[in-house]
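What follows is a pair of complexes built around subunit A, which joins subunit B in one and subunit C in the other.
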Partner chain A sequence: MRSIINYLKEIILGVWSLLKGMKVTGSYFFRPGTIITQKYPSNRKDLVMFDRFKGEVVMPHNEKNEHKCTGCGICELNCPNGTIEIISKTIITEDGKKKRAIDKHIYRLGMCTFCALCVKTCPSNALAFSQKFEHAVFNRALLIKTLNKPGSQLMKGVE
Partner chain B sequence: MLPEIVAQNTSPSLSVPWWKVVYNFSPLTEWIDKSLHNAMTPFWTTVTEMLIIGVLILLFYALVGLFLVYAERKVCAFMQNRLGPNRVGPFGIFQTIADLFKLLFKELVPIKNADGFLFNLAPYIVIIASFMAIAAIPFAKGLHAIDLNIGVLYVIAVSAMGVIGVLLAGWSSNNKYSLIGAMRSGAQIVSYELSVGLALITIVIMAGSMQLSVIVEAQRDGWFIFKGHIPAFIAFIVFLISSTAETNRGPFDLAEAESELTAGYHTEYSGIKFAFFFLAEYINMFIVSSIAATVFLGGWMPFHVSHWEGFNHIMDFIPPFIWYIGKTFFVIFMMMWFKWTFPRLRIDQLLTLEWKYLLPINLVNVLVMAFIVLMGWHF
Partner chain C sequence: MEEKEIIPVPDEQQEYVINMGPQHPSTHGVLRLLVSLKGEMVKNIQPHVGYIHSGIEKMCESMTYTQIIHLTDRMDYISAHINNEAVCLNVEKALEVDIPDRVKVIRTIMSELTRLQSHQLWWACFGMDLGGLTCFFYGLRDREKILDIFEETCGGRMIVSYNCPGGLMYDIHPNFQKRVKDFIKYFRKILPEYDQLLTGNVIFHERTKGIGKLTKEDAISFGVTGPTGRASGFSCDIRKHEPYSAYDRVQFKEILFTEGDTFHRYVARIEEMWESMNIIEQLIDNIPEGQFAVKMKPVIKLPEGEYYQRVETARGELGVFVISDGNKNPFRVKFRSPNFSNLSVLNHIAKGFKIADLVAIGGSLDLIIPDIDR
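Take a look at the complex of A and B:
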């Protein structure tokens, strides 16, 4: 008798769990609003990527063409692929001291795996990720980018 | 069947206004038959009629196949929060036509050490089996190629023949994936054919006939799923499950389990031969859905409630063909819903489901139905 009850119970529970699954897919089917696919090339103009999207590494500059990069080279050391190369120079400050500053922050996009170690380890938060993701170019040389803009300087107060 | 030969000298005309044909196709078919008889000898009349029916079924077959592939992809996409095909034509409706052309132009790759004759024969057996089944389906009033008095039995027998093609395909490909897929398919069909038959027998007990036109006509005052209440509903569910398994679809697609067997029995097929298997799968789904619609949901019969004359009259305004297509696509949608919700069963789970659950339930159900019919407890 117990085995028969268990048999019937099994059937009812099985059908119940199957119906639960069908409810989920059925609700998706009848609510087209749940579709998350984007029609990419046709919605390119109003396409908004999400905040934490890792597009490419950039160095934010403020309106006075100043950045926060001190040229310490921690990002270069941390990069697992050798994507970043720092070329530093020595400048003489107003009070006559010699100081290390950045000449070129070279970023090779073609070698980057977007692991974000450079962005995370930067002591002065000089690097960030942009939202741009259309990286295709016709010449490989265009993938080598200099992140600091020409004529830019270190922001005041960043050591 | 073909109507009797009537000697007539005057040129025949349609006995009803042309727009009434959508409610009853028999005047149209009779008119075609008489016109042909006036024009040629009885032998050539029969040949011409067979040709006309063959071409019509072939056209219908191709159209349904193309539409079902598109519908399946769209339904699957919506259930998975995707868009599905949307590039070729508005909402991607020409996608399957583009796919068809691609398949037509593809190379037919010859397989080394394959059994050539059987390898080429298999797709034709699969497609002929579904072709023969579609002939016995009543599409609308008077639109019925052959009305056998054992229609239900004929459809079960013929649609089960497709598995021979599957087995041949798996055997002749000389490929272990194909062979495993075909063997699974064989085990599956042998088991699930029982449930399909018994579920239909439940309704045959109620209808008292195996002739599909009689079964449809018997549902004039209510569909069998409502007339037979509980046992008919259980039979409908069992039929849905076992016919899904019989067509090698949905959670029961072990014969072509992509993740384990690459493509199962049609791994080695390419081009139009693959298209035949692909098309046959969808047409088989259409056939079992139309059988479910005909036997359980009244076929082309509009939704009638006995003694509600006004309501019945309004329902009669919708042409029978629309009713038939609507019910069939409802069942097809249910099968697609199954396919895109449930995970694939293992072979032992598949056989457990049939022999330990569906078959005992079905046997008890047949008994209950017979008792209910004897006591007159149905509507």
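Take a look at the complex of A and C:
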């Protein structure tokens, strides 16, 4: 007799535990808004990433097409996996001195691990992170970027 | 043609060997288990690791100490922050630098958030392994909130790279405290729902209670740490025994059970989530003012010698062992990763159970494969 009662009790408690779980899922069924995290492809237009988000390394230029990179090569040295390659050139300044300057700042997005060491160690704050995160391209060669724009110059006052 | 005599193998010697993995959803990564079966019974399990061996330990030997951080991120990528902290603490210990209180407190809060999100993801996957797909969605929904906090302050979601030797990469975001407090308030309401959904479920009980028992002696001899070891009664919480960062100034319980079965490994993690929230609540309002990093030399060189630092990640004890010969690169780095030892116990506890139980047992060990194949 006792075993039958225990058996029935087990069944009822078991079903009750299932119902308790279904209460939770059922309540969400009527308020679906609370279980959505991101409606990603459809909210693409007004999706704002956090301003510290590490999307890709960029070199901000001002409206006169000037950047702050002096071509010192510290970012290349600090990058753990050879993502950055600095090709520098020698220029003659107005007062006739020879000076090292950036020719090409090559950045391989496909290799970057977003560790932020380059941005942090750059002595003249020439690098920054952009918030762009949709990096997919059809051709791998497009992932190799030159960060300094063509014809750009060193900003006045940056040594 | 010569006729060959077929000698029938006696029934009790027959074994059926199958591969579980390397691509199997319940191994949570590229782990291959060679399972010998007798009918549905598991007779023997031989884990084969190395499918995604990344050579992190060897790579560390050609990196500076600041660069190592981005590799440890990728080792146990679910508790990236805690891995980074281990390396940083080791370097700071070797150089004998004093770390500001602010850094210690922020690191502790971040570590506990990492632990929380790791357990949430584990809960989600464990539910899914046992057939409760709903858990997966709910777990990830709540984890998203922590990842947003990470994203706002560190710039990364899982791979945070927020620590650096000497402190933190940047200061916390002005919204950080408010967001964390909002999250704790939210999650205190949500966590009981986890219990209603899964912990009390009768099917879940049947599949986990008494399955895959691990005794305390075995846990110690296999070196099983973390919630898995503590569910067997092995008191191994580094946060308690060897407090680092700000763990010495907070009150929290070490979750210990004696049963050691799959169900208690589950409950141990749920209880740890409550404890993590307690720790965060004690610290979040009293983050001391000060610097977020001490100024270190641009090229960090450790004095010659051997250094070891242990931390408690979400899965157990992580040890970082560094031998330095005085150069800017370490001579040798060895990680004692919790998952490797936890995997070693799988054969021992899953023997004699059904193959469906193997999924439950494997899930309850919470394995992260890149941490095994580092």
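Quick note on the criterion: the second predicted complex is superposed on the first by the 123 of 159 C-alpha atoms of A that agree within 3 Å, B and C clash if a C-alpha of one lies under 4 Å from a C-alpha of the other, contacts with A are read in each partner's own complex, and residues count from 1 in each chain.
FYI, contacts are C-beta pairs under 8 Å (C-beta built on N, C-alpha and C of every residue); 3 or more make two chains touch, one makes a residue touch a chain.
Since the model is a prediction, treat every value here as computed from it, not as a measurement.
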Next on the checklist: On the A-aligned overlay, A:Phe53 touches which partner chain: subunit B = first, subunit C = second, or both, or neither?
Outcome noted: second
Checklist entry - Which holds for A:Thr37: it touches subunit B only (first), subunit C only (second), both, or neither? => result both
Next on the checklist: A:Phe29 in the overlay: touching subunit B, subunit C, both, or neither? Say first, second, both or neither.
Outcome noted: first
Checklist outcome for this item: subunit A contact check, subunit B vs subunit C, more residues touched by chain C
Checklist entry - Which partner does A:Leu18 reach: the first (subunit B), the second (subunit C), both, or neither? => result both
Next on the checklist: With both complexes superposed on chain A, which partner does A:Phe114 reach: first (subunit B), second (subunit C), both or neither?
Outcome noted: second
Next on the checklist: A:Pro80 in the overlay: touching subunit B, subunit C, both, or neither? Say first, second, both or neither.
Outcome noted: second
Checklist entry - Across the two complexes, what residues of subunit A are contacted by subunit B and by subunit C? => result 18, 21, 24-25, 35, 37
Next on the checklist: Touching residues of subunit B toward subunit A in the complex: what are they?
Outcome noted: 75, 77-83, 86, 337-338, 340-342, 357, 361
Checklist entry - Which residues of subunit C touch subunit A in their complex? => result 63, 66-67, 69-71, 73-74, 134, 137-138, 140-141, 144, 148, 151-156, 159, 161, 169-170, 173, 193, 196-198, 200-203, 298
Item to check | subunit A residues touching subunit B - in the complex, by the definition given at the top | outcome: 11, 18, 21-22, 24-26, 28-29, 32, 34-37, 39
Checklist entry - For the complex, which residues does subunit A have touching subunit C? => result 13-15, 17-18, 20-21, 23-25, 35, 37-38, 49-50, 52-54, 78, 80, 113-117, 120-121, 129
